[in-house]
């Protein structure tokens, strides 16, 4: 046990699962904000890997400011067309030269953006449906050599920042998170008519859960209004089945409720995302690091996507606190809910936060005092392994939105 | 009393003022994210006013996606210079023609941006130190004629969205909010050496409050290191005095703690904002609608700045819920803390939310049941007056960040 | 014979072939200015074809303002890499809606740009090595319906403008033009080490011709300095052989004369064009409509590439006057040189120029009076067929640079 | 006398003044192409001066690629408004650091652009009516230290390039050049209704000169159609009077001939330039270095505006050849027309061209042989003073368009 400032205490109030009203939201992969998050983070990973390959250390960079300007499109049954492209500007800072080696940061960024678009958005042609430009300024040069292959050292916190994580997810959270993931994942693979711009909102009042899904359909795979209705019905059914895996509560699923079939106003797109027509986006405006927007829970405003995973304390602490919360719940019995907060201390090693604060709602019959030591031990162990967060981010194992 | 779905209930847990650890942050006027918020909102107000003047109704628009790309600068005692300009792109949608009248939306936006920069950033020359460009696409045309001079009607909610407000502010919140406001306000008027990029973080542990201020100094008014130290000391003293107005707790104020005088690494700028050198920004990444970032409180992720105040339900409900919370506390005795949440119901009038939920921590000896009716009456009255929020936003009476 | 104002007269002075000093230049396909010309013209053709396909008539547009901002690259033997992309902005005007049909002008432009890049620049990856963006404003709407499928009418001249053409080419001109065309054509197909950025300058003093070639080599196909020298030698030999097809004069060929092998300063590129590193470009700054820059001859400053071939009088008259000059020389004997000038008359049909002026240098023993009628007849016939120029431009049969 | 390769010879053919048809054009200050030329050259001068001030030598730069994207406007009698701004992108290369001194090249460029716009376009508000952005890449670093305060040396030619100059101007040329200069000069000062976008075309057939003026009027100073007609009439009268100063030939002046009063189609603008609505522009597409477009004369395609006056051989030789031509005509009697051509020799000092070629049309009774030595002496003297061209460009004494 170290002398880290770890506090374990009872949480004031009810677990979210036990509160009367709960609201949860997830913006899917193809939401304009998430497109920005995804590209910013993919660019970040590519830069980190290239720095390691070329100079053996991750240099200073941040690419957390991607801005998307919507295009325009004319969707039509059986296939419409884009009218004007989506414009996406990758903004950030990156070190372009290190001990005489030039790093092609902008080329790396553009290639990563292409790779991400090609992998996730089959209907978006990179370069014509979406024009991607990049402006990476030189960062301040004094933050270099922070992370090497061998003999890694723990960096110092470069800011006073804050991270927060929770575990376990509530039923509503599980439903919202997994509905979007599976819709854009396995379901989408089999159903090309489903686009990637899917927004899922869950609202629980006591024991009734309403799941509202707004799902962009892709016109090339939808021949007429009947096809469209079928597509909507199939999504509804899929989500309803999925929800029953996570809860015994009553669940109602609503898909594309803003549609008006009489007026022909339906959610039909050419590319699978509303960015094609009028919806702008940017990094950090959507999902928090755990993939959800949860007004019932403490949240950090930090935009984690695109931040440097070596020295950006806000990114690291948000990911780490979530990781700690999950580990504690996995390893220690008797916990109904945990919230972990990490507050950095500028100029101190990041494995030694100003305070690491774990608040618990225990299960009936369990007292915080009973498990305090166990919890603290897990927190301590995880903190001492903070640099593994960096590695897992670079390897793409941790998601940021 | 109407049949609005208003719920008044006890809050699970302690008032924030009574929690052991509290964290509060405010990004000041000149923080790159706040510059974006401020311009986006000022552009929004200008558009709304011009629409009213020209066609008698506020047309569809949203200007909530401003992106700032940092410039570069070479600050120096007694006056350095900017090297490359800050670039600021105003992104959004706006209706450019209405019944034959053309609306010069981009000219309006640029003039509003100039007005805002000139009013708040004396060291930033518009057009050279900061290049502002604008891309306003045409929004979907079906959302028009929502707000007229006479016979105003209550618009329908266009989305399922959520707003949350709190009252009263805690001592720490008061200190953080007012420190920044007065520093960039009256203090700044007398102290041109203080820039507008001021970040204030408050951390309270039990009865000890630490206020950390990062304040950009303006080089033209700082002749040497002694001058700089004096400027820092004066800020510290000012904030310490100010804090004592709001609390009897122990307060420690820290200013520019990352400085290293030996290495000459100080927070000196040419223009008063870190946007001049390497810090990018965008809308909605900083302060919530009440001007603060409060991880101890429920927050909405909605970016309110730049949104249309007539029909953007997220903006309206965030401002309204704060307004309701403040009104309740002002009018009803016995409340230690209130949290008001409003959840919209797509397609229904915005004065009739799906649920308006007021959670109370009462003072000792007061029961929620005692004041429930009073509270509900205030909530109801404020809801029925929802359109006044729109007017106050357009008139610039309500701040959004 | 019509009553068109056609003048046939002797030219004051010597034929260019007989002047003492002659200078000729051609910027090759991959020169930054020519890249802009080529894309502007390819976009123009694509727009014209799409307008015909979709609404049966070519609508108002001009895409003659493409701007290229150079990238940066790090070429190296056996293969270097691009550091930052070339940025290319397609600027112009285009009609986006016609009788209710929307025309996806920006998508058409981007796809045409991609097609052109892919066809001509094998080492340039569209979207990453070169970022192409497009800004097509709405033109004035009053210039529509100018060219239909059936019953085509002759449009009116929309400006006072001027075109000039010459025939036949001199020996030096033939050498310069064909050297570049074959180098980037058949030779390039067999020699991937030769890039597309080839600049050829011919200088003739009396009977001595110096041909100076600056040819970008592609690093992936050049392993070392010996390879590079071989590549340069091969180009020199190829051009020398080619020159002997066109002249019996003494010819000296110089390739990459600015190279310094000792200092390692050679013309090595990663992508085959100097646009990759520091050389910007734009439309209309390079070759005239006949593919050459010829200070010995009268030239028009008109940028023909990207202009609308239906109603842009400057484009049409430059192409037509060249066409007329070539036809006259092919059909009428006894001409050593002809210069044809067409001056438009605003508001009059374009087949009825203010003046069509043919100046002749005849061969020994031939008097202008002898062939005047023949020449005038060809001029007249070609003028009456002016709209075929438009068709041939749209079909890509006529080059503009 | 040196051993420079100077050739003096008779010109083949007639002086332009004696040819039957002559065409001359000048794009005025406010033409979109000229706006680009003017800003590019003003930026160039500012950079050169700042380099001299800061590091004592002009470093490598070129700013000759400014692109203007037209805005949109709604002109109206007594004052309309701009709808969307003109966008102007200054593109080029500039050295940003020299022996540890940073040069704020982009700030210099933007300030120069503002200065130029403010000085010449009273109706264009910088930053809102016209948005100016700048992209100055780093040039290749090997071209530095070419021009110092003391002990100036003659630089080497960096390219094979060509310049050409003529003297004296013909009557038609004088009229066209001076009409535009005085209209945008003294006349414009007294007549705010006259904009800066003035295009003058002169056509002479034998002894009849037609001067066609297209002049943008500024709506704020024109109250109705009568006012407009008066403004047009006043311009016509002014130009007619001016023309009589330069010629005894018959002159007809036509102003705004494309107007149709019945249809209300007149040349009315809000800002005085057609760039406000639909007319794009770029550098080097308009006037040659002598301020004119002269298809009757040999022209260089070189864009001189914005080029580095120290080492850009194309710029220097175009300005120098004009200067030589004027000096020869001023100092040597008996010359009706002179054309001076300078061809550079890569790697040789620029005062030693490959060939300096002066072609003369002499007055009756004068033989070239009579004045050959005199002419050669002037050419030689001017060549030896080549660096004064650089100084005069930097001081703004020489115009480039």
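Residue numbering begins at 1 within each chain, and the chains themselves are lettered A, B, C and D in the order written.
Just so it is clear, a residue touches a chain if its C-beta (ideal position, glycine included) is under 8 Å from a C-beta of that chain, and two chains touch if they have at least 3 such contacts.
Chain-to-protein mapping (UniProt): A, B, C, D = S-adenosylmethionine synthase.
Please read these numbers as outputs of a predicted model, since none were measured by experiment.
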Remotest chain, chain B as reference, centres from CA atoms: C
Averaged-CA centre spacing for the pair chain B and chain A, given as whole angstrom: 24
Averaged-CA centre spacing for the pair chain C and chain B, given as whole angstrom: 56
Contacts with two or more other chains, residues of chain B listed in rising order: 87
Chains touching one another, given as label pairs in label order: A-B, A-C, B-D, C-D
Interface residues, chain D side, partner chain B - complex: 74, 81-85, 87, 96, 102, 104-107, 110-111, 114, 126-129, 131-134
Touching residues (chain side chain A, partner chain B) in the complex: 7, 9, 11-14, 19-21, 23, 64-65, 67, 69-70, 72, 87, 89, 91-93, 135, 137-140, 142, 160, 162, 164, 201, 203, 205, 212, 257-258, 277-278, 280-286, 288, 293, 295-296, 298-301, 303, 341, 343, 346-347, 354-355, 357
